[in-house]
Every structure is written in C-alpha cells, then in structure tokens.
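Each chain gets a letter, A, B and C, in the order it is written, and its residues are counted from 1.
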Amino acid sequence: MEKTSTDALPLYKNFSEKQETICIFGTGDFGRSLGLKMLQCGYSVVFGSRNPRMSSLLPSGAEVLSYSEAAQKSDIIILTIHREHYDFLTELTEILSEKILVDVSNNLKINQYPESNAEYLAQLVPRAHVVKAFNTISAWSLQSGALDASRQVFVCGNDSKAKQRVVDIVRTLGLTPLDQGSLMAANEIENYPLQLFPMWKFPFYLSAALCVFFFFYCVIREVIYPYVYEKKDTMFRLAISIPNRVFPVTALILLALVYLPGVIAAILQLYRGTKFRRFPNWLDHWMLCRKQLGLIALGFAFLHVLYTLVIPIRYYVRWRLQNRTASQATSKTENPFNTSYAWLNDSYLALGILGFFLFVLLGITSLPSVSNMVNWREFRFVQSKLGYLTLILCTAHTLIYGGKRFLSPSILRWCLPSAYVLALIIPCTVLVIKFILILPCVDKTLTRIRQGWERNTKFSKSPLNGKTDI
Amino acid sequence: MEKTSTDALPLYKNFSEKQETICIFGTGDFGRSLGLKMLQCGYSVVFGSRNPRMSSLLPSGAEVLSYSEAAQKSDIIILTIHREHYDFLTELTEILSEKILVDVSNNLKINQYPESNAEYLAQLVPRAHVVKAFNTISAWSLQSGALDASRQVFVCGNDSKAKQRVVDIVRTLGLTPLDQGSLMAANEIENYPLQLFPMWKFPFYLSAALCVFFFFYCVIREVIYPYVYEKKDTMFRLAISIPNRVFPVTALILLALVYLPGVIAAILQLYRGTKFRRFPNWLDHWMLCRKQLGLIALGFAFLHVLYTLVIPIRYYVRWRLQNRTASQATSKTENPFNTSYAWLNDSYLALGILGFFLFVLLGITSLPSVSNMVNWREFRFVQSKLGYLTLILCTAHTLIYGGKRFLSPSILRWCLPSAYVLALIIPCTVLVIKFILILPCVDKTLTRIRQGWERNTKFSKSPLNGKTDI
Amino acid sequence: MEKTSTDALPLYKNFSEKQETICIFGTGDFGRSLGLKMLQCGYSVVFGSRNPRMSSLLPSGAEVLSYSEAAQKSDIIILTIHREHYDFLTELTEILSEKILVDVSNNLKINQYPESNAEYLAQLVPRAHVVKAFNTISAWSLQSGALDASRQVFVCGNDSKAKQRVVDIVRTLGLTPLDQGSLMAANEIENYPLQLFPMWKFPFYLSAALCVFFFFYCVIREVIYPYVYEKKDTMFRLAISIPNRVFPVTALILLALVYLPGVIAAILQLYRGTKFRRFPNWLDHWMLCRKQLGLIALGFAFLHVLYTLVIPIRYYVRWRLQNRTASQATSKTENPFNTSYAWLNDSYLALGILGFFLFVLLGITSLPSVSNMVNWREFRFVQSKLGYLTLILCTAHTLIYGGKRFLSPSILRWCLPSAYVLALIIPCTVLVIKFILILPCVDKTLTRIRQGWERNTKFSKSPLNGKTDI
C-alpha cells in the first residue's frame, strides 16, 4: 500500500460555506481565549473594544474595532464584559436590534442580583435575542485544550433560532452544548459555576459532627478512663484503634440515615392518608441527599476495612500476641479451642465482608454512567432491596461483634456503653419500622396511597376513572 | 463589585415565543405529575377527561375539559390512559387528524399484546402522527425532581416532524431524549421498563449453581468427612474457610467461561471455513453476556481477596499459630527455614495479587463511561490481551497454590479431589486451545477467514476485488 | 386487564415517510455488514460493484449494479473502498455531482498520506459533498450488534446539509453521531482508530523505567549484598518483598510528577511575568498527561496495599515470628512495650491508609462520567486541594516509615541508601516549592499574572479596561 502519485496533487480546501464572522465585545482574558479558539476552528473574529487602539495581546488574525463598528460586522455578538459595565449597550440598541447577544458573564456570589445577568441584558436591549452560554468554561481550559473538568456548555434563550445558532458554534468548538430551555434558566446557569458540591454540604457536616462526637466519646472511654484508674498510657490508640471504632460506627449510622427518611415518609403518608401533600422541607432535602449520605458512609466503611486489615501488622498487636504465646509456653498451660467463639468470630467477619461487598456494589451502581444504563425498576431493585440487605448485614455484623458482652454492665465505663451500642440504635429502629411497613396489611394500604388513592377525598374518584388513567 | 443602581430597574420577561399549549388526556397520577412539570417549565396545560367536573387534585393553573374540547386546544395530545381504554379515541378521529398523539402507556408483562400499544394507537387513529415517549419515566421522579435512575426518554415515531416536536418538549422538561427511529421500535421501548437485568439472568443463575455445587462439595470433603472419620466438629468452617474455597473456584471458572465462547467460535469458523454462517443461538447468547460473566467473576474474586486478607485476624488461625509456637518453645525443637516453600508461597500470593489487579483494571474498563472513551483497537487490546493475561495469572496462582500436593492421592477424600483441582479443568482447556489457535499456521487461516475469505465459495472473489473493498 | 377483541384487528404499518435508498460502493466485508444493518433499519440498499455479477455473499434484499447505475439510484453514496482505488471516481464526476459521498476508509498507519482520505476524495470529485463517517465502527460490531466498545461515529464535512443527512442515518442505525465540524477534522478522525492509548505512552514508559531501575537497585541492596557478605540466599524476596519496595516508591514518585509540572509552570510564569507566552513543548505535553501519570501511580499504590496486607499470611513472616516468640519463651526474657515505637508504627500505617483513601477518591473523580458532573470550581478543588493533601499524606507516610533509621549511616549498603530515601527527593522538592508559591506575597503576584496582568507590557492596559472585561 505504497504512496501513489496522486498524493502529490496540490490541495485546495473548498469550503462550500463561506466563513462566518463572530463579534466579541471585550478584550479580557476570556474574550481573547475564546477568540483564539474560534479562529482555530475556522471562524473569522472581530473584537469590539472601548479603546480599539489600546488593546494588546489579541490573537493574530482578529480585527479590533470600536463597539459599534464591530457589531455591524456580525449578527452574533459575544459579550465578555462584567455585568456592571453593560450600560454602554443602551447606546447601541439600534445596531444590536435583531442580533444575537451571547451573555458569558458570571457573578462573584450566588444570587448576587435579583435577576440573572442574561435577563438584565435582555431588558437593556429588548430587541436583541439574548442567549446565555459559555459561562461554565474557563479561559485556561480554552487555551490549554485540556477540558478534563467539563466540556458542557449550558445554553438557554427565548428565541429558538438564536439558541440553535449558538448551539452550533458550541459544537464546532468541540464542546458539548446542553439546551436548558428559556432565559428563565439563566439564573441557575449563572449560579452553577459558583457552587462547591452543594448537595454534599449537609451530609459532610453531619458525618463530620458524628465523627468528632464519637472520637471524643472513645477517647474518654479508652484513653482517659484507663489513665485515671490504671495510670496506663494508651495515647498511641489515637492513631488506629480509636479511628477504627469511630469509622464503622459513623458508617453504620449514616447508612441507616439513608433509609430513615423513606421510612418517615411512609409513616407520614399512612398518617395523612394521601400522597398529594408535600413533605416538610427538611424531609424533602434529606431525601434528595440520600445518595451523598450513602457514598460518605461507603467511604467510612472502606476506611474501616483498611484499618481492620492492617491489624495483624501493627507492632502493638504483634507484641501482645508474642507475649501471650510466650507466657503460655513458659507456664505450659493448655489453651483449649472454643468452638462457639470460633463461630461468633468467623460469622462476624463474614457478615462484615458480605455487607461491605454489597455496599461497594451499591456505590458502583450510583456512578452516573452506570445508573444511566438501568431502568427505573432495576434502579429501585438495587437501591432498595440490595440497600436494605446491606443495612441488615452491617447491623448483624455489629450485633455479633458485641456478642455476649453486648449491654453487659462490665463493659460500662463511667456509665458509658461501648460506641457500637450507640451505633445500633438508629439502624435497629429503621429495620423494625421497615419490617412493620412490609407486613401485608400495612403494605397494601401504603401501595394504594402511592398509586394515588386517598383516604378522605371530597370528589372520590370513580373506580372506573382510576382504572382508566395511568 | 458592589450592586449598581441598574438593579432597581423593573423586570419584565419578554418571551419572543408565545406559550405553547399541550393537551393531556387522562387525569391519573402520571398525567397530573406530567402536567405539573409542564406548567413549571412554562407550558400551558389542558387536561382532557371523561368527567371534567369530577377530576380532582389537578395542578392549579391547568384547565380541565372534555376530551373533544381539550383536543381542539392543542396540536399535541399526550395520552396517559391504559391501552384497554383507547376505544373512545375512534370517536375523535376527525379532531385528532394531523395532530401529534404521544403514547405513554406501559403494559404489565413483556410482549403482552401482539403489537405495541403505540402501533395499536396508530392503527386506531390512522390520520394522527403517533409518537411513543415518556413511558420510562415514573410519576414519582417527575414530582420529586430526583431523577437519579434515568433521565432518558426513548422517543420513536414515523413522522419526523412530530417526533422533533416531542423531542423538544422532552428537552425543555430537563430530560434526555433518545431518538429510537420509527414506530417499529415502540415494542422494545414498551418492554424496556419491565425488564429486570435481562442480560444478567443467565450469568447469575450459572454462578449461583456453581456456588451451590462447590459449597456442598467442600462441605462433604471438609466438614462431613472429618466428622465421620475423626469425630471432629469443624462446622465453624462454614462461615469463612469454605466460602473462601467456593468463591475463588467460582471466580476462576466464570473467568474461563468468558473466554471459552470466543475459542469455540474460532474453532467453528476454522471448521466451516467461513465467517458468514451464523453461530448457533446458544453461542450467540453466550458471547453477548461475556461482560456480565466477567463482572460476576470479579465480584467473587473481590470476595476471595477480602476473605483471604482477614485470615490472620481469625480466632481459629491465631489459636492454631499460638499453640504451634508454644509447643515449639516447650519442646525446644528447631524450625528450619524452607526456602523452596517460601518461594512457592510468595509467588502464589504475588500471582494472585497481580491477577486480581488486572481483573480490577478489566472491570474499570467495562464501565460505560470508560469504554466509550476508547476506540475499537484499544478495547480489543484491553479485553483480549489483558483478559488472557489475567486468566493466565489466575490459573498459575491456582496451580502453584496446589504446589506439590496437586493430584497426589493423599489429598483425595472419598475419591474426591480438592475443589481447586476441578476449578482448573476449564481454564487450562481454554488456555491450551487458545495457545494452539495463536500458532502462526492456524492464526493465519483464521485471520483470513475473519477478513471475509472463504474456503469453499462458488463465486471465488477475485483477489483484486478483495484488495479493493473494505 | 385481559386482552380485548381489538387486538385481533389486522395490523398495517403506515409509514408516512417513503423508504430512503442508499448506495454503497464496494462489496467488501464492511460494505456488506453496513448494507445488512441498513436493510434491517428500514433503508433500501443498492450496491455498486466493479463486477456486479461476480459479487457474492451480499445481504438478501439488496440490489447490485455497476458503479454508475448504482450511483443514479440514490443521492447518498457510501464508499467502502480503499483510498488507493479511488481513481475510478474521476470517471463518474458527472453522476456524483451534488451527491453526498460518505468516506469510510481508514489507513494502515497514522498520517500515512499528506492529506486525509476524505480531503483527497473531495479534491477528486470537487462537485460532490464529501462527508467523513463510520470509520470507527468495525464490521464485526455491526454484525453482532454488540457495540460494547463504542457506538460513537465521528462525522465531519463542509456542507452542513449533507452532514445532517449522514447524522440522521447514523442515528437511525442506533449509533451515536458526533459532529466534528468541517472536513479539516477528517485527518484526526482517520487517525483515531489507529491509536493505541496515545496519552498513556509517555506515563507508561516512564513508570516502567522507574520500576526497572528500583527493582535492580533493591536487588543489589537486598539480594546480592547479603549473598556477598553473609552468604545468605534471599532470592525468594524477588516475589513479594522487593516488589513491595518498588511499587510504593514508584507510586510516590509518579504522584509527585503529577504536581511537578504545575509548579514548574508557576515558576516560569513568575519569571517571565506573563502568562501569554507558550510553555515549552515538553511542559505542555507533560501537563496534558498528568491524569494518566496519576492513574498509573494509583495502580502502583493499589498493588502496594495488597502486597502489604498479605504480609501476615506469608510463610516467611510467620516463620520469623514463630521463631522469635519461641526463643523469647525459651530464654524467658522480658519484651517490654515500646510506646514511642507503637506511636510511630501506628501513625505510619494510618497516614498510608488515609493517603490511599484520598488517592482512590481522586481516581474515582477522574472517571469521565463523574468529572462531567462537577463544575470547574469543584474539579479544581478535588484535583488540586485533595491532590496536594494526598501527596502530603503519602510523603509523611514514607518519612515516618523511615523513622529514626532515616539517613543513618548504618542503613547504607555499598553507599546505597534505602530506596524510599531516593523516593522522597521529588515529593519533598514539590512540596517545598509549592509551600513557597502559596506564601501570600508570591501567591498575589501569581494570581495577578494568571488573571492576565503582565509585568512588562508595551500598551499597559488601563485599570478600567482590566475591570471591564472578563
């Protein structure tokens, strides 16, 4: 397959479409980066500037004109200017009439202004077609070509033709346009790049609070108590032993808190006899961040697994085992095998492993690309059935860990029970209520309510109507 | 960047498009939820109902009219009615003519009717443009806004303009439309939400059967045999020791079964001398669920890793080690270091770790978002080259685990060899055949066959033709 | 919900669009597979062939004609012919005028010809509308329907209407079209299926080199040295002990190399006083493959974790512990508890676990589907803040591992320090420079430079201008 002579033919690119000209108002960092990218993608670019002759550093190939001159060169004008400086546009209303104005601006704070920048622009230049776009892309990512973070460009606007033009440009630049509907979405789009994991805030603070509480609880029981009564220095437990109590306890409580709101919602629906009244806001918010709670719980469970698996390579553990063995050998005592303890120990470990395994499975299923591939029925099956199975296994793991010592008074120190005893309260409550809810008589009523039936309704729906409609 | 005076300007939203009116037939739960969502997204909604005055609980802002009145208000009518009640539409054929009818209905069973609901509708109202959509979305997810499961709306229809209108509505509601082509796809779309992991069924049952078989096999060898002959109670082995034999054995066999169909297909192609005859159905189905088989194998391998790593913290293991050490100390015997055993033991562990590592890599590559980023050549490289390397490492891991005991008669109990000996049969077979298939002489023929060459063809393709076309 | 009588109605499919005819030039494997797929999706297919009567194996339902006859049947012609045989098309220029020519061809090598096949075709038949598509799909995947690898079809072309037609066909076939812009993109699209992880090449070779170097370094120190001086055979260390030194060392160095280019870039920008000069090419390339470097480092860290966790089940380790315990028992010596060693040991393990945990978190965030869900600010937070925290934890883990032995002369063997001492050089350098860079005075200058400020600029931007534009 050697090169043929035809390769030597002169090349000429015959574009059937003539090059489109795009106007950019503003010669700041983002404006220049966007202009450069557009030139590279085959557009012809005109910059509009307050002082066209003062503008430096512009990409070669681009023209710089005054605002009004530049605007006349193109029917698409991209505004890379801060909102505070939009006033001058009122003087250009004649020229901008029927043109597409693309608002790129972001604010410094969420909901900084009563209306979004794009809506404010639409009101300043009422006869232009305002489209919001490009605000989620950074100048750096345009320059470097490394768009690891996100290639998504949210686009919204009231005029669908104008929006389509912008969507086409976004696509030509190698980015992914996402049509968000009318200009009413601009506010949300402008807030988006200012957010820092908004859905994770409550779960994060909750789990941090739980961690801190149980940390100090364990420090009192396992470091301060032995120091006060036995003058033993067990400070080194701060590194591994105590975290390995705090992490599983936090993980189990968080996992139970994933399923508690669903149980509360069911009780509320049963009590109200209808599903058509809104839940209280705190419950709504709680239900929306269940995924985040679950993933943080998985994180703690993962840490617990690692902390547990390093136990046999810890110096303290090896030292204790060695001494115990040596003293057994020295004293020549028997060490009979305790079958029931072997059973307890092995099943406690096995339940923990199986619980963690299912937990990891739940975590993988919540990856966006995986959850997009399953239908509603499959998602419910995984998140509800497998989820409860995980909770049951992890609760049983903790119960058997306690074994015979569970709630025995000898384990109390300063009247404080072990941390794992506290950890069991919420999971056991959730499991007991859930068990009641799936009893046939309760479940039947709940299912009817969830299908739209109401206990006390003024216009009782005719049974026929109920059967007819979905 | 303080707020400027312009913020105080009165706001007025100037939509350049007038509000679109959409008609929904049926006031059931889904109809109401969809109506509410549409109102929130700026549409104007008219409900059509059998008893307009009886309909309760409708979202405020929506009008309720009789079917015929409602249909006249909009050129898009969404049917949220069960298929059994479509009959009344025949009376409205005049009004519905040239309108877009969106079929939302689902059935209770897969392939419940000979034709899909949407095709049945198209036949009832032949002059309307029927589009199938929204059937994969649940009322609950529309209400709660929590569309974790899937935002995907499959859309199909014969009229491309009607389809485009529906696609636009789907997008405005914040959902992801997926054009599935003509109305022939409706059947598949209607079956989709009824499926529960259809591709996973065969791999799941197969692995469950393998697990159960090897579990009882190991129980016979390791619990019943010692009880019968030595009166030893080793029941506690059920929790960890026996699962930790069953899981690796199942994982290895499943991994080998991932590569077995490819090997069988190659033999079939060599035997037939062509690639243009279809494989038997069982082989086709098997090849399509290789990914699922592999992922289940990975799950078992993961469990095996966890079960193995907890070994040193098991009471039984610690008790045995302690006793052995104590008796060594008491009897003051020497315990010389066995270099060859250290070699065997270490390389067995190292091979297992490397095999598991590659296995996890394969698993990550099969995540939809990762496999979408690689091209065909890269996918083949990972799934074939790395996959076979994983199989080789895991097989070697099992072989060395056996070490010198492998197939020695002393290991037989009631003539039953160890479980791992049985586990090696399929992997070794696959590897041997694969080795033969990649011998240059065999490989050359196979490659030619896969490029379209045929051993016995009536019209033998001219060599020139073969070189010309792709 | 039993079946009603209406099910018995005769079905007739009324397609409102008449069937589209598509012409395929070339009857090779890919042509036939594509034709079959198109027939299945409702298209009517005409093959164009040099010897229409000689063509065998074509899907039933397709017509075979000569090139010129076939071309007249459709306005879309798909060319499944190798580039070397395009010459005959010059004779058909009249017939092909204004038709859509879809170029499917691939080459054998990257950049095999000076211009792309599609551009060459556009130049041969200047009056046809050339569109590049389908080259990333394999005949096998079209036949089997198993499109695991990728459903993505890159499409590019200069005529937007022609491109839209092809995009519609791609979508109807159930594939995902990706518009790549004008025909200039054809070269990249043709190279795409020939690539084998191009971004991974440099990180892979670098890590392989590091591995090999440290492997031999450790072999010298830990196998050859004891053999020469103490005649001890420690060859069995090759399987686990030495890899478990090589892997963490490589992981730490690679992780540091992820953050080194960012630090170098910052120094360059500070030195130059501007961000508008391009970085040297090696630095650009390095910055683009940081993600790959990090993921390989994570792989080595994962291996290190597994190799560490199997330590207590190794025969060598058990043998040593057993002997040590037995000799302690025999000699009846005391083995006092060393609190400071317990501290060191536990915190070294805890830091390692936490570092690995954050590392896994970074890895998960770099999955395409996860990184697409976060905005720029969140991505920066995770990859920069969490990334540096990971580096700090892992470096501290290594430092404390050394503990008091660190740099003590007794640890030198043939003047070679331990491998972990070498491993600390780059991470510590990166952390020290980073610490200097975030000092307020340095950070302020750097931030100004990154916002577009320049130290020595001819036309100094007016402060007002700087505030105006984004």
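The working rule: a contact is a pair of C-beta atoms (placed from the backbone, for glycine too) under 8 Å apart; a residue touches a chain by one contact, two chains touch by 3 or more.
Every value quoted in this text rests on a predicted model; they were computed, and no experiment measured them.
**Student:** Since subunit B and subunit C share one sequence, what rotation angle in degrees maps the C-alpha trace of one onto the other, as a multiple of 5?
**Tutor:** My answer is 120 degrees for the C-alpha fit.
**Student:** Please decide if copies subunit A and subunit C contact each other with the same set of residue positions, more than half shared, or with different positions, and reply same or different.
**Tutor:** Different residues, largely: of all residue numbers at this interface, under half are found in both copies.
**Student:** What's the distance between the Cα centroids of subunit A and subunit C, rounded to whole Å?
**Tutor:** Between these chains, centre-to-centre, one finds 23 Å.
**Student:** Which residue numbers or ranges of subunit B touch two or more of the other chains?
**Tutor:** 82, 309, 312, 321, 325-326, 329-330, 367-370, 372
**Student:** In their complex, what parts of subunit A are in touch with subunit B?
**Tutor:** Spelled out, the residues of subunit A in touch with subunit B are 82, 84, 86-87, 108, 112-115, 119-120, 122-123, 126, 129, 158-160, 179-184, 276, 284, 287-288, 291, 305, 308-309, 311-312, 321, 324-326, 328-330, 332, 335, 337-339, 341-343, 345-347, 349-350, 353-354, 356-357, 360-361, 366-381, 450-452, 454, 457-459, 461-462, 465-470.
**Student:** Along subunit A, where are the residues that touch subunit C in the complex?
**Tutor:** Within the complex, subunit A contacts subunit C at residues 1, 3-4, 6-7, 9, 11-17, 26-31, 41-42, 50-51, 54-57, 80-82, 85, 104-106, 136-138, 140-141, 144-146, 148-152, 171-172, 174, 192-197, 233, 235-236, 239-241, 243, 299, 302-303, 306-307, 309-310, 312-316, 318-319, 321-323, 325-327, 329-330, 367-370, 372.
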